[in-house]
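Each chain gets a letter, A, B, C and D, in the order it is written, and its residues are counted from 1.
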Amino acid sequence: MNVGLHHYLFVSFMLFSLGLLGVIMRRNLLVIYMSLELMLNAANLALVSFSRFNNKLDGQVLVFFIITVAAAEVAVGLALIVALYRKRQSAHVEDLTSMKL
Amino acid sequence: MDWNFIIFSLVKLAIIVGVVQGLVAYSVLAERKISAWIQDRVGPNRCAPPFAKYIPVLGPLLTRWGMFQPLADGLKFMFKEDFTPAGVKKIYFFLAPAIAVIPAMLTVAVIPFGSVMGNQKMVLADLNVGILYTFGIVSMGVYGIVLAGYAANSKYPMFGGIRSSAQMISYEIAMGMSVIPVLLIVGNLNLGKIISWQADHGWLVMYAPIAFVIFMVSSFAETNRTPFDLPEAETELVGGYHTEYGSMKFALFFLAEYSNMVSSSAMMVTLFFGGWTLPFWGLDHAATSLGMGIAHILVFLVKMLFFMVVFIWVRWMFPRFRYDQLMDLGWRTFLPLALVNILITALWLWMRS
Amino acid sequence: MEQINNLLSASNVTDVLFYVFAALTLLCAVLVVANPFSRNPVTSAMFLVLTIISMSGLFLLLHAFFLAAVQILVYAGAVMVLFLFVIMLLDLKEEQRRRIKFFGLAAGLVSVGIVVSIFVKALASVKTDAAPPTLEGETYALGKLLFTQYTLPFEIVSVLLLVAMVGVILLSKKKLE
Amino acid sequence: MAITVDRKPLTFWEKLYLPAIIGGIKVTTKHAWNTLVKGKVVTMEYPEQKWTVPDHYRGAPYLVKDQEGHTKCVSCQLCEFVCPPKAIRITPPGDAGAKADRTNAEKMPAEFEINMLRCIYCGFCQEVCPEEAIFLQKDYSLVGTSRAEMIYNKEKLLSLGGVSPGIQKWKLKLDEAKAQENFPVKL
């Protein structure tokens, strides 16, 4: 039995749904953020496997960009979380429901 | 992938791990000896089994130079009580030393430590992305320290962990940037190719001296060695991340630090000093005989030992940087310098082509 | 001997490795999201690191060597260290177990269900009898593509990084003067 | 009010770190050369080479004998009283115990113990002793394999202490007595 595209896609899908589940279920802002990373990684995996099985490098270029953007996003997001924590002393989403700081 | 490949890989693996461990053990001794000489002392010179002094020529050397000291140190570490302080986060407390050691040992896998012996290449994994692999593994080295600091559940280790994570991320950038001129000049990420390029064109340290300086200083910072040993600063953090550790777990941190030293010296030799080649005596081409193969390995070891001595020497020569000075040096000196270096190298290459 | 050599043939080994890495990835991802033993954010972060490492193993199996290295270098080496740094800086306690709200649970299940349906539909259209792939994720080819066809996105991403950097510095200042 | 210390701005060469690095190399190399080649070391190899103790060194306290080999201690217990860490323990002879082995003293201790693990070498016992029977001598490395072994008894202290050189506290009085020829004790 050879491992083909659909195997990789299945793993990618599982990762994505796990990430989604994490975003919805968990309450800790940082863990939610990690789940988001998980979803991004699932997309990466799908793109790399598409690129491999279609014999085109464009997917990998896209993954490169995703990684870069994810790094920037994490930096900004974590800075936001730290700023929020300084104000509210909590990183729990249910304590952060009001729009006013 | 066949039988031969697996067997030879396992043999090479065993030899490399053995040699690195031996180097680590004896570099601890060298550290103590060199520090002693610099400070007008004698250093360890007692440790010897009773029969050692009856060996004809080597006897006095073995006893007077403390050649059995690493053995004694190892035994001491193993037989000390393995103490777990109350209130630590147990799982991470046990995992952290292992996590520290693994990346330190993994880096050696891609380094070509010799040319060929028979039909076997003297490198464990001849990766096409050798340098990137090394940087990836090196960047994992911070986890051991951070987790150790976190697990100890005490202030000083925590400070050590936080400091080390910030320091390592900062210097990784300077380190990565400093290598780019080398990659531009050679045009390949494979460490074996870089060495063969140097055999043809001369050592890269002559083409990219600034890159070498930045790389060397950054690798001091990455291995937490003395001008930048803030994560474990004894005088301010009472040992930093390994304050709460003892016995074999502490020894593992020691092992990780010295293995990191070994692998970064090996990287410096490979990237900037021609790896296993020497420009004379016909040592700059792949070996044709067994003797040549061994000579190549010896050349590599000698070059590496030189950098190990430099590592140790620097520790006893310079005082520790302050934290803001460290960050200042990393971000405001080395990063722009590395960028300018890349630009100049690119311009130079463009002019030549 | 012959049998063992057959067993070790390249395609077999990669298949086995795929299952190993895929299982590791999914197991660690489950432990990131829903760890029954601990709700400590550090544990989640460490399992995410493991997920990323095993995913870079999958990238290697897909011959994307450069991306595998970058994945470890950027994600495991920098991003996750940043996460750990923030967790340690904020000294987060374990997440309290609060009662799961029915609405949240229902919404979660519905959205996961939608994703499942999309996935099933997508998977049905995947060609399984494609020609054996020959593509290699070499650094050289990738770099060439990046600097010829994708120069504009590349530059935009670099500007994005700069903007992010400035933004983070602004955000992490204690007081805005 | 916080005091701000003026710092001179670094000169160009200081900013470059290079002279400092070269200076460091010079100093360390010089020391290493001196140690390795010239063999100048500041440390001693202890069990073989020993430190010559200065005259006024205060090492372990031992009991001394007088010129005739008699115990000088008269079991007055002043040293036991004054000892800050309570390292000295004296058992007086009691009514039935042995009297002094010298003629001009009434008694001597039945047992005299110094716990060398407790002793802090302060020298109070030497200072307080009216008979000049205890002296801090030059031993500084006392070792034993058990705690019990580190409690030195009278025999051990006397044998380690040796004969007190040149000090005979009662000599003057003896001479005076001899001169008056009414000294009560026969010599």
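We adopt the following convention: contacts are C-beta pairs under 8 Å (C-beta built on N, C-alpha and C of every residue); 3 or more make two chains touch, one makes a residue touch a chain.
Being a predicted model, the structure only gives us computed values, none of them experimental.
For the pairs B-D and B-C, the count of C-beta pairs in contact is higher at B-C.
For chain B, the chain whose average C-alpha position is most distant is D. Taking each chain's centre as the mean of its C-alpha atoms, chain A lies 73 Å from chain D.
Mean C-alpha position of chain A lies 34 Å from that of chain B. Each chain gets one centre point, the mean of its Cα atoms, and the points for chain B and chain D are 50 Å apart.
Distance between chain B and chain C, defined via averaged C-alpha coordinates, is recorded as 29 Å. Each of the following residues of chain C touches two or more other chains: 66, 70, 78, 82, 89. Touching chain A in their complex are the following residues of chain C: 11, 14-15, 18-19, 22, 25-26, 29-30, 32-34, 39, 41, 44-45, 48, 51-52, 55, 58-59, 61-64, 66-67, 70-71, 74-75, 78-79, 82-83, 86-87, 89-90, 92, 95-96, 98, 100, 104-105, 107-108, 111-112, 115-116, 119, 122-123, 126-128, 130, 133-135, 137, 141-142, 145-146, 149-150, 153-154, 157, 160-161, 163-165, 167-168, 171-172, 174.
Listed in rising order, the residues of chain B touching chain C in the complex are 1-3, 6, 92, 127-129, 132-133, 135-140, 142-143, 146-147, 149-150, 158, 161-162, 165-166, 168-169, 172, 189. Chain C makes touch with chain B in their complex at residues 1, 4-5, 8-10, 13, 42, 46, 49, 65-66, 68-70, 72-73, 76-78, 81-82, 84-85, 88-89, 138-139. Residue ranges on chain A touching chain C, taken from their complex, read 1-11, 13-22, 24-28, 30-31, 33-35, 37-38, 41, 44-45, 48-49, 51-53, 55-58, 60-61, 63-65, 67-76, 78-83, 85-86, 91-92, 94.
By the touch criterion stated above, chain B contacts chain D in their complex at residues 34, 36-42, 45, 313, 316-318.
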